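Since the structure comes first, as structure tokens, the remarks are kept for the end.
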Amino acid sequence: MTARSLLGKIVEAASGIVKPPAHRRASRLAAALRTLVSRRGEASGATLARRALALYRGLDDAGRLHFFRLLARDFSPEPEAVLAAATAYHRDQSPANLARLERVTEPPRQEVFRRMNMAPGGTAALLEMRTAVSSLVRQHAELAVIDSDLTHLLGSWFNRGFLRLERIDWRTPAAILEKLIAYEAVHEIQGFPDLKRRLADDRRCFAFFHPVLEDEPLIFVEVAFVDEIPEAVGPILAMSSAVRDPRKARCAVFYSITSTQPGLRGISFGNFLIKQVAEDLRHELPNLKTFVTLSPVPSLRGWAREEMKKPRANAELETLRAQVAEALEAGGAPPEPLREAFEGLAAWYLTRVWTKPGVEGDTHARDSVARFHLGNGARLERVNWHADLSPKGLAQSYGMMVNYLYDLGDVEKNHEKYFTEHTVVHSSAVEKLARLIEPLMLDEQKMGSGSFFLSAEK
Amino acid sequence: MTARSLLGKIVEAASGIVKPPAHRRASRLAAALRTLVSRRGEASGATLARRALALYRGLDDAGRLHFFRLLARDFSPEPEAVLAAATAYHRDQSPANLARLERVTEPPRQEVFRRMNMAPGGTAALLEMRTAVSSLVRQHAELAVIDSDLTHLLGSWFNRGFLRLERIDWRTPAAILEKLIAYEAVHEIQGFPDLKRRLADDRRCFAFFHPVLEDEPLIFVEVAFVDEIPEAVGPILAMSSAVRDPRKARCAVFYSITSTQPGLRGISFGNFLIKQVAEDLRHELPNLKTFVTLSPVPSLRGWAREEMKKPRANAELETLRAQVAEALEAGGAPPEPLREAFEGLAAWYLTRVWTKPGVEGDTHARDSVARFHLGNGARLERVNWHADLSPKGLAQSYGMMVNYLYDLGDVEKNHEKYFTEHTVVHSSAVEKLARLIEPLMLDEQKMGSGSFFLSAEK
Amino acid sequence: MTARSLLGKIVEAASGIVKPPAHRRASRLAAALRTLVSRRGEASGATLARRALALYRGLDDAGRLHFFRLLARDFSPEPEAVLAAATAYHRDQSPANLARLERVTEPPRQEVFRRMNMAPGGTAALLEMRTAVSSLVRQHAELAVIDSDLTHLLGSWFNRGFLRLERIDWRTPAAILEKLIAYEAVHEIQGFPDLKRRLADDRRCFAFFHPVLEDEPLIFVEVAFVDEIPEAVGPILAMSSAVRDPRKARCAVFYSITSTQPGLRGISFGNFLIKQVAEDLRHELPNLKTFVTLSPVPSLRGWAREEMKKPRANAELETLRAQVAEALEAGGAPPEPLREAFEGLAAWYLTRVWTKPGVEGDTHARDSVARFHLGNGARLERVNWHADLSPKGLAQSYGMMVNYLYDLGDVEKNHEKYFTEHTVVHSSAVEKLARLIEPLMLDEQKMGSGSFFLSAEK
Amino acid sequence: MTARSLLGKIVEAASGIVKPPAHRRASRLAAALRTLVSRRGEASGATLARRALALYRGLDDAGRLHFFRLLARDFSPEPEAVLAAATAYHRDQSPANLARLERVTEPPRQEVFRRMNMAPGGTAALLEMRTAVSSLVRQHAELAVIDSDLTHLLGSWFNRGFLRLERIDWRTPAAILEKLIAYEAVHEIQGFPDLKRRLADDRRCFAFFHPVLEDEPLIFVEVAFVDEIPEAVGPILAMSSAVRDPRKARCAVFYSITSTQPGLRGISFGNFLIKQVAEDLRHELPNLKTFVTLSPVPSLRGWAREEMKKPRANAELETLRAQVAEALEAGGAPPEPLREAFEGLAAWYLTRVWTKPGVEGDTHARDSVARFHLGNGARLERVNWHADLSPKGLAQSYGMMVNYLYDLGDVEKNHEKYFTEHTVVHSSAVEKLARLIEPLMLDEQKMGSGSFFLSAEK
């Protein structure tokens, strides 16, 4: 009996029970996958994989959900076999026992995915599948096992060693450039002419690519060459600015870094990308001395609004709180008189606020962008006032941006401090700002009688 | 404390105990790997991986053995944790329990290898590592766990979906061509001029490549275009033969298929390669009707010598046996008068002789080449007398070669028969040959009195 | 004395005479060129060429004009030497005499240009130079010799044998695609999204490239795959149309062909491009049966206005003429009642109207687009009413477009007829339209009394 | 009448006169070419060119000779038209007159060649044609006009600006590498393994390529990185030598430079190649301070044998002469006692011996290799004794080799001296050697009584 006819039988048998068509298709696919991972699947692997992929693509939403359920239910390890193998291994850690343990604990799903990957377009399909599963997990918790298996497999396949770092410029195929326009999440790109400026001689764009997804940048970073650590993003994004000689620039600014694949969420490349790019640029342009980001603080405004809800006892502080709170609720740019207060809040937030300890006592910086750069070993260098007054910039970071500095000689040490001591390495300027706002943040009773702003001005 | 200084500490501590330098280096590497897979390893992954690779490359044989022992002993799953997770999963197959099971049963070695792969040249180093481990496993059985982990990981990374099929021709870089000369295992290539003939217009060579090993063909197949199913390999290998128009050929002969990477032993691509090439050639050259191999039967002579040891009762058969046995022991080409006997033996061997059932009742064709092609769904088409009289051809296949026919419409069916019914699909001509020798192979008592050769001539 | 110091001397000597700086720079360049073509120039050719190019690029308008004048005056053949060599050759056509003749009649300018071409960017600079010279020739007739020399040289260098035909698609570098948007002259491209539709699966775009101008398409043709010879350009240009399967199309429409380089004006590639593309498409898509253009008649409206000025004697015809003339002067789309009249005028114009015989008795079709396609051997197939109602389409072709049919089996024959017999090969439908309008075009006296439209309706 | 039928008519008409078939084919080709350059040829240029090329390829030796004769006789400028145009131009150098002069003096052959170049493989065919014509010119002087036209055209087409400099290494296609093995003229390459050593890390090979001849290196230079100016070629050619780190080398030796295309003889690229490579290497490997050749003196032995024929009056000198003459006639390596004499002869030959002034008073260094490097502006640096004792090295250069030094800052100046002052720039060491041998070379009467070797030893 061929794989095909076998598949036919399964389908026939199944069709005795009346099922809605979406279910029928999903079941047919599940059966095909069962064949695919069997020994029969070996001979006709490529053909069967192609067929399975076509079946998957033909599923509607209901069919897909049903299929995922089957995949979650029927392709997990056998509990009995697992327990037996674990017991044997516990008794004797022989290679044979370990081999058996590995064999019975690996979910057959993983072999399913490896086989599907053999079909043309297989990898892309698995990325889409993970995206689809992820969005269903919240409502269908049992599907988490699929997400977990795919994450494990994709993490292994998208290992840094298999990625190619490539420069993106105006000679790059349009099919790739349009992806940049579509994906850019930090500072939206207004079509090809805008993009062209971002790819001119005094800019750089680099991306990681995986060999089988040749037109898909997985993550890309945009760099601008400037003279000094930048205070605002406007001049960098300005389409009409003059192009300067990159060999004269002293500072490289990572002003945008974007992950593109929802199917790779949780599999991190940004760390490698920034360091590799910094390393490469240092060789290409020896004049570059400073590598720094210009980053938003996307959760700042939300956090600050919460913080500013409770009245302060001290009258002066309460006045300040009320002004700050009012400004946070109002539209428009942050008012200039409150500049120090807001800069201080940002400094405080980024240097002092951690998440509650989770599994294994983990805690990390509350702001996601901070978490990324601090975890990479960068140093919080400066808070920039009125640095991004775009609607998004105001809504999230209340118009402020910060610079994280990558000193390649210090990243290991900084990273260590961040993870071991839960300390955010930062400049004295940032520290000064944080101290400035300390009275407002701490229990007001401890405050002396001196004027807050007076003390700040010292 | 940075990863570096941590590593230093470990090394210092370790050096209190006096160790021979080879051991010391191996221990240092093991410590580095421990750091590499820790969270600290995340920030400086690429740097640490590079360092670890350099340490590994600096090991001598003793150091390497010691390192492998540490890797086998210290990077396996924790038995207690495994048993606890298995018990929990046995009780409740919740996603969380499954996730924990996966986490604790995966040997940390795998993460070690994934991290090492991030360094430039990492994949190649892991292939070499597996080659080195494999050769040590016989004497050091405990290292089998490393081999097993590497096989699992490399099998996943060298998934068909990540391989590129490429044609090799005279425009291919010399760096790749010299690999073909070095690796070709079936019919040795005598330098570049010989190779050039094998890459001429009426020949083809295709190979699978992995993106990170750009100059390494993983497996390659050599094809010749001829008019009819070939009877001997000499005309195909002849360097001075005229080059014919490939568009007029009706038959494509796969006359050599070679795996090149000992580090990938057991991870099979040949099946995909032959089918893909046949598929592609059918499109390029629609005149091609027959896709066939010209293959050795490498274990034939050895098997036949064993078989011909026991005397036969029937006098005529015993005479024959003695002649056959004598010929098998002698040097030189098989004698013409025994042609039918030897062709019959080959047919018998390939169609009737299976290995003893092993694990899970598995049994397969005794001859390794037969196993490969029959397992792929090919049909045994013809036995060819005096087809390869080279020393190797005589020593292994006693000068005979066979054709396995790939009929793309039948491969699934044939494969199914081979695996399910343990039947070798073969031509009537082959069957006739096998029947011819039947009296000699079966219990002589059952034979009638008729002359063996008389019956054969009918 | 080095070339440099020699150059210096020349410049010094020259600067004795007070010259305006623009002149001085132009003279310096002319002197550099003189060195460049001397034997001294051989050793340092590349260096001197680079220097000369830099000098040229530094010239302002006045300097450039002055430089061109020097180039026209001082780098022409010596009349005495020419006459002597011609006389010698006239007396005896020996190889030596011919060699001398060639040497002295070739303008030294050509060697100047060949040397300049050795510098990086030289070819592009010469193309720009020709563009600059061409625009000056009208007012400065003496510069025609430069234009002539450049045309000769560029014609030789941009020989079809050196051009690469390349498909342009969405994977083409943006740097090339933006050129298409900038250059497209027939049907303007509205940015990248518009272009993307023109590069989808049921469209094709091909261009010729010269190896040293890698991002410069020299000429490109846009093709659409449709079912039937198209009547209007709107559906082809529609950005939102569905993409169809190219393998099912029966007709390939060349709906736009654009030369991009003013520096190559008069050096024709279009002929090669269309035929090569038709040939290639026939192989790629065997279903394609018809290769046809959809072309404007850019001089139609202008010609018709002239023609319709003289009143007709015949009253009926005069009425018609007046209506036609009025419509031609009015804005808006051509009125439906006059459809036959206008179609007839177009047919008449394209099949009967030739330029006055010029040098060597040459005459050709009046309309430039017609001249191109008919000269290539295409056949005038159909006149299409209301085919392009864009402002440009109305202004030039009065909304009409025509199809020229490329039947590759007939192009030689048609071409021969066009050039030898001055006959426009056309369909009977077109002939019928031309006959329809004949009374209006010919001397009215010869007309019978029958109603024009009556006769037309027969 | 189509081009084809016209061609038919010509052939028919011609065949009335009985001609041998070779003549007939040649005439047919000549007629085809006449069509090709006519206006008719424009429409079907590519087709006709392909046809003409096929006809040319079908000619045997006799046919080819006949064809060349027709090409020389019938495709030259018309003497009457030439004289008329020259007279008009002499009278009035108007652009129109110059244009006419150019038109009538350019041999129609050139247009023939330009049209043939449009066919696929056209350029390669023209190179072969020139090779064929060149070899016939000696016996058929009238064919020189063809050679001259082809040289002019190919010189223009193979302009430096159109050539690509490419590094050749072990990743280069074998199809190109085998050309190096076949062409290398200076130091033969013994197959691919020898070549591989010459392409290792401490060697370089660069070649110029023309875009339409993608597998044909036009000229290539081999470079070795060493510590000091080399004295002998053996160590450089040794296949088994260790590969050293190129970044540490201080001297780049151009030890072989080979032109590959006989069809491009007289069109020089070597000058550009050496300078470009030196420039590029200086950037890649800043440690390199010296760029030098290791060159044969191919005409040295022949010249010396002539020089040493006449007896000297001075007895001591006569003894020396006889020894030198005897050594030159004998086989084997030059005898050690005569080292200074032979080094002196080489120095004398290279610094003092010029060809007789030819056309335009031209004179140049007698030795062809010297001519090339000195003309490029190199300096004669050193004479090396027993530097190449291979049979060829002994037969030509009597075992000696010399170093020409390329100091990029001096090449213009040196070149100028060479061409203007007819001075060979050379080191004081070389001068000393030349002076040493002076007595032997000059009229003996002028010699003082002092011992030759005594004076030399001072």
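Going by the order they are written in, the chains are A, B, C and D; count residues from 1 in each one.
Note that in this section a contact is a pair of C-beta atoms (placed from the backbone, for glycine too) under 8 Å apart; a residue touches a chain by one contact, two chains touch by 3 or more.
Quick caveat: nothing in here was measured; it's all calculated off a predicted structure.
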{"item": "Where chain C and chain D overlap in contact partners, by chain label", "value": "none"}
{"item": "Each chain counted as touching chain A and chain D at once", "value": "B, C"}
{"item": "Farthest chain relative to chain D (centres taken as mean CA coordinates)", "value": "A"}
{"item": "Chain B and chain C, separation of their C-alpha mean positions in angstrom", "value": "62"}
{"item": "Gap in Å, rounded to a whole number, between the CA centres of chain B and chain A", "value": "41"}
{"item": "Separation of chain B from chain D, taking each centre as the mean of its C-alpha atoms, in whole Å", "value": "53"}
{"item": "Numbers and ranges of chain A residues touching at least 2 other chains", "value": "none"}
{"item": "Pairwise chain contacts under the document criterion", "value": "A-B, A-C, B-D, C-D"}
{"item": "Chain C to chain A touching residues, read off their complex", "value": "170-175, 177-178, 191-192, 196, 215"}
{"item": "Chain B residues touching chain A - in the complex, by the definition given at the top", "value": "1-4, 39-40, 42-47, 76-77, 79-80, 82-83, 85-87, 89-90, 93, 95, 98-99, 101-102, 105-107, 114, 117-119, 122-123, 141-142, 144-145, 148, 152-153, 156-157, 159-162, 211-212, 268, 271-272, 275-276, 375-377, 411-413, 415-416, 419-420"}
